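These are the structures, in structure tokens.
You will see two complexes here that share subunit A, one where it goes with subunit B and one where it goes with subunit C.
== the complex of A and B ==
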């Protein structure tokens, strides 16, 4: 018997046992925690599941039109600032809803990173820009699902809600292996053909599943176990998602929430993200595209930042109100900021020298601003933080000791974050 | 149509970027709305000719030096960017708005202009456009707060507020007969407002000037202008091809005012040439417009309604033109472009060197 040519085992290496192990709350080792050389934190993690909401504003949000405004200065642009719920902290006027949630937020205004190109910058940022050791590091999503291990939701550990197409995005996992990739819901929709065909009833489905199990058993007698388990995993994931079709049913959202989050893509996707978090998905990434405002930046920011502001404030408010913010780490960022200089197209170009991000929730100090830039916003005038500092900080916020924990890449110990950086203590609760 | 191409007179240098420029009705002064929150002024009545350079040029039989116009002290009182300026057609009065919502009326009868009145919150935020009625008695403003307001130019009192445009209102123009006002918005809708009744009486469709790209609203009716007799309405902006970077081709739509019929949709350039930022109607019967590129260089152009293409486009060495002003005589033209640096230039920033861009003002004579 030959391998099924339609199935590439490396795409599905997360085993049925691992998947069900997560669903059953099995031992940490079942999901690969045994690959972590210092897993002393595992027992603590099990006490309360940690989750992450990672909002990626692709192209580069302007820090000057958001978190670090410089009104009435040479590069300050046309907009006013507004006070936030924390006295003395001001945002751009384009963030009126978020300003009211500042008591839950931590803003970093002193990012200084290394890459000013999208193609390389996105990867460097989302992989934490570690030292080059000849391996491809995992994206933060894969790192988190690896390091936190499974929970009992039965849902995919990492999902990605994004415009355009979906699918299983395995490349994000780097050396951890494709099983730590993300299942992407293109345009916030479930995978194609998820719904059971109307001609298949419950009994039919049961019988088909039993037949499949028998076929798997027979297949596994002549093939390596991983292949069979990978196939089974795909079906199990499909079955679990079929049981949770309600997650994608927009009619189940309250009209008030739909209004609060907004009916545009980012609003719909963040509302779906909230539902995924509530259902127990460990890592939810939400992408928004079109932030690369080299031209007409100010009119662009009027539209983009305000459409971010509304659902971002809503989800922070909701997570705080339900207590989920204690266990969900929220991060909103881009691959870099934008130049203070306004170019001839009334745009701002790429600027990794001095930019900002915002975070909230699990393990993060609330209502703080860390770091600063000079009066014109052209450079950082406090300790500059690279993305490695943020990775250390985020891991520690999730209860993972970033300076003692290592990956075990087939015997090669690898730090989980750049060893030249450190957690930013001012950000940690 | 001009007998020959515009003849360069001089280039006025500025330290910062400029939003808009206007000549005074007597043609002796040039005003500029600065993105430094100031109104800049130049005296055009007594150009200085560098004597030594002139003699040197004569001796060497080279191009004579350019005249230098004296810069007068700038006017302060605005925040953010000065977004627009308008000159009273008869009185020596200037009106200015900013992106924080302030509206100021000035008298420039004296050497040092003085504020006549000052409305700090004329709008909630960015005032996009201000325009004067032909008699100079009323000033109309519009902005981000989706409202249109009419003001008395004499004392700055609000006369009327019009709501109902529905979107961010980008542009305004009074019809020359003084009875109507047109306003254009983000989504490419132009409404004709009967301000006596306070209601919209007609709509023009310029939806090609708008698109939704992912979550970004791109475009908007950036310019509304009438010809001298009010027979043609020009509606301008860009036909967007995408958001973020914002690629867009500059477009102008011309409408017959009498029956609302579209006369022409003019594509001024490719999708790299950006937005038409301003249009002015020359007394000889053609339009003068400017656009800035994204990522192209933009241009200034002359166009006669109905012809297939602009009959003149300016030198591409003048990139990213953001404003144009016609001298009252029709014999002079001012265009602002952009100069400086694009891109990151981070190594220089680390050394503390980080210059901003600025807007050279190009003065041309228009042979008639």
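== the complex of A and C ==
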């Protein structure tokens, strides 16, 4: 098909400007920014695509065995501390690799949140625990993909790499609507129907796409534009993802990277996450399970924290080396921390009163520790921060003014982060 | 329980209502249009709002036959059916076709699929619910009766007991979440009254003056008293004895208020008191795990007071929803935002339709027929050249409509000549795959065309779709491969999939493509067929 009369799919891909302008019509308008209110916001975003890597340690990593160790105290546990690349900052000895990357990181040691149950806590934290207005708020992933809008990667804006099953996870999107849900890759595997059927070769696939595009182009000459735009958008994204099956091909990773990240779930999944970020996915979430160490916390942490340490340090190092860290916001956290008091099963229980998280990149200040806890780690003895403060901070790191931008939920204006909280200035570069 | 028994038992509750209804009728509804005049009156009201803006042209026969098959039979016509209609020279052939389809065997199934998606919003299915809808639409059951059977399901009537699924599915506990009584309350308001009272749960609605907190709470009082019966093997709902009003207060002023069961906008009913041990009509039975039938049942009260001709919101809601089904956009839009601040695009028209559906005793088939006969319905979707596209709410041109997963599935089978291929068991697999790919996610109303990555990957790569394009005796691709004349092939291809002849330009493009790919004609023919199945034109009812 040389010089064929058919047009190419990419000629029809909606320009970023069209989407941002909210001109995509009713059917596709859901992808636009038309229902966010903030003057001059869309223009700012065009400068550089921001991305997020969100690492969720499900069940609750112990702050005492990671970011806020209290050695030789009542509740300190058996592990020692080690110095990091920033003088005066110490981590638990379970984080030897990450300690070498501290110059890129910002640690918050003064989190004080509202919920000590997993079932409700996970949702409250990931939705930013806003004031109850009778609506279900979006998870951070959905909020970010909504507020940043689409980029031109042609890939799904939000993917979730997790152990076990995958699919299209839409409930996280709350009132924003299911199109802001995540495409989940169960155990890093591709979505259903991604593989080209054996009866269709590459030439067929290309021609099918061209013929469909031609048919849609003809139809749109006499009909409202929104429908064909929406239809073309999802076919182009499907074809783009089919072309990028290499994203899921573990054999394409260099042996050195595989060794640096590790062959365990979190190692493989963070390596895949790096690839997704490089390919242009806006929001990549990686889940690790099993952190709820009510029993045998210390042996558990010995194994789990180390499994986190190795690939986390590797991805921070890689993103920094390529300069991507300037535009990728990295967050690693749980729904709460763990009790300083050690229970009868040598475990630590749920503790939202005083815990830690770590972040890096994008507009986050590098090499800082913010906040502190008292000597035995039971309570925050600096200004306590709720998850709402973190949402404000993250949005601002991404270039979104969290105190001026609002969602518009069918006429109901809704703040994007809890209005009783504010961005933490010490965390912002 | 028969209708007469129900009336006797609840006579005390309903007398006031019947009086109110009689008074409303006596006070003079405007005279009802003769049924035959209705389409003309509808068209006149559309034209009067459009004023000087020109109305679009009538659809051609090919567009019409496709549209009306999709709306009334749930699928596109086969190429033979389309040809028969196009060749028919009779002047009233459109009316004939409408009547044929409404009388046909596929109409009840189309209604069943339509109302399943509308009422359950893809939460899931149950054979008992399917049976309820099927028997209801086979009998052309009036809407008020259908809703009455849903609002107070009768577990003793095998044909309709599955109506309880509307409630039981919504009361199922999901994970560690609380039973969603507020969600059920909200859906009753949304789907039967066109009123989304969600924001009125905690306070009077901030922006919608007519939605009061007591409207939500009066319904909620009914539903927070219900539970899924576990003594029966089919979906069934039970009620506890209700002895006192529900307390509530606005989150704003915290003033303590109470209400008993109440239809939104209606009068609160007093909760009767009974002597001890007299509160049950049928007492609980521990042996059978039967929870008892209270003498006072708020669900029975709702079923008697809500779906009635005197309830304007109820009549408006179904009039608006049937209009939406045929015209692609509600006169009140969104469909569940019926209130004073969200005026219908054509208030007089909604009044007319609402009165008409009451006059026709909630006969939905009759209403759909009247709507199908209008010029408004039969107009083309083509944009007028050289001017701004008309706003959808003007109906100056017809609006494109999303095809449901069920319409798409059956249409793919018809288009590709595979209709007889799947056997009964495979058919369910086929249906489930299409619903998964094209249905909205649970609890999301299917209103607009909303393709997804899931649906595009399904059409691109799923064997269920691609197998329909493998040549089989008598199917589309096999017929096309037998056609050596490429122009004739283009005609048959377009007629089979898009229910129209190709334009000269389209025919030439097909011929050129086939000529260039003469040495791989089977693949080329398959590619052409696939492209039309994936096209926007095929995925819409235009």
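Just so it is clear, the second predicted complex is superposed on the first by the 362 of 429 C-alpha atoms of A that agree within 3 Å, B and C clash if a C-alpha of one lies under 4 Å from a C-alpha of the other, contacts with A are read in each partner's own complex, and residues count from 1 in each chain.
FYI, contacts are C-beta pairs under 8 Å (C-beta built on N, C-alpha and C of every residue); 3 or more make two chains touch, one makes a residue touch a chain.
For clarity, every value in this text was computed on a predicted model and none was experimentally measured.
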item: Subunit B versus subunit C as contact partner of A:295, first or second or both or neither; value: first
item: Which superposed partner A:134 touches (first subunit B, second subunit C, both, neither); value: second
item: Which of subunit B and subunit C A:383 touches, first, second, both or neither; value: neither
item: Partner chain(s) touched by A:375 [first = subunit B, second = subunit C, both, neither]; value: neither
item: Touching partner for A:339 - first (subunit B), second (subunit C), both, neither; value: first
item: Touching partner for A:259 - first (subunit B), second (subunit C), both, neither; value: neither
item: Which of subunit B and subunit C A:347 touches, first, second, both or neither; value: first
item: First (subunit B), second (subunit C), both or neither touched by A:119; value: second
item: Which of subunit B and subunit C A:168 touches, first, second, both or neither; value: second
item: Complex contact set, residues of subunit B against subunit A; value: 16-17, 35-37, 79-81, 83, 99-100, 125-126, 144, 168, 213-218, 220, 242-248, 274-275, 292-295, 298, 319-320, 322, 337-346, 349-350, 354-357
item: Touch list for subunit A against partner subunit C, complex; value: 1, 4-5, 26-27, 30, 119, 134, 156, 168, 170, 177-179, 181, 183, 191-197, 199-201, 204-205, 207-208, 211-212, 214-216, 218-220, 222-224, 226-228, 230-235, 237-239, 241-242, 411-412
item: Touch list for subunit C against partner subunit A, complex; value: 175-176, 198-199, 201-202, 206-207, 381-383, 389, 392, 400, 440-441, 444, 448-458, 460-463, 466, 470, 503, 505-506, 509, 512-513, 516-517, 523-524, 526-528, 530-532, 534-537, 539-540, 542
item: Subunit B partner contacts - residues on subunit A that touch it in the complex; value: 59, 71-72, 74-80, 93, 116, 163, 264-266, 288-296, 299-300, 302-304, 307, 339-347, 349-353, 376, 378-379
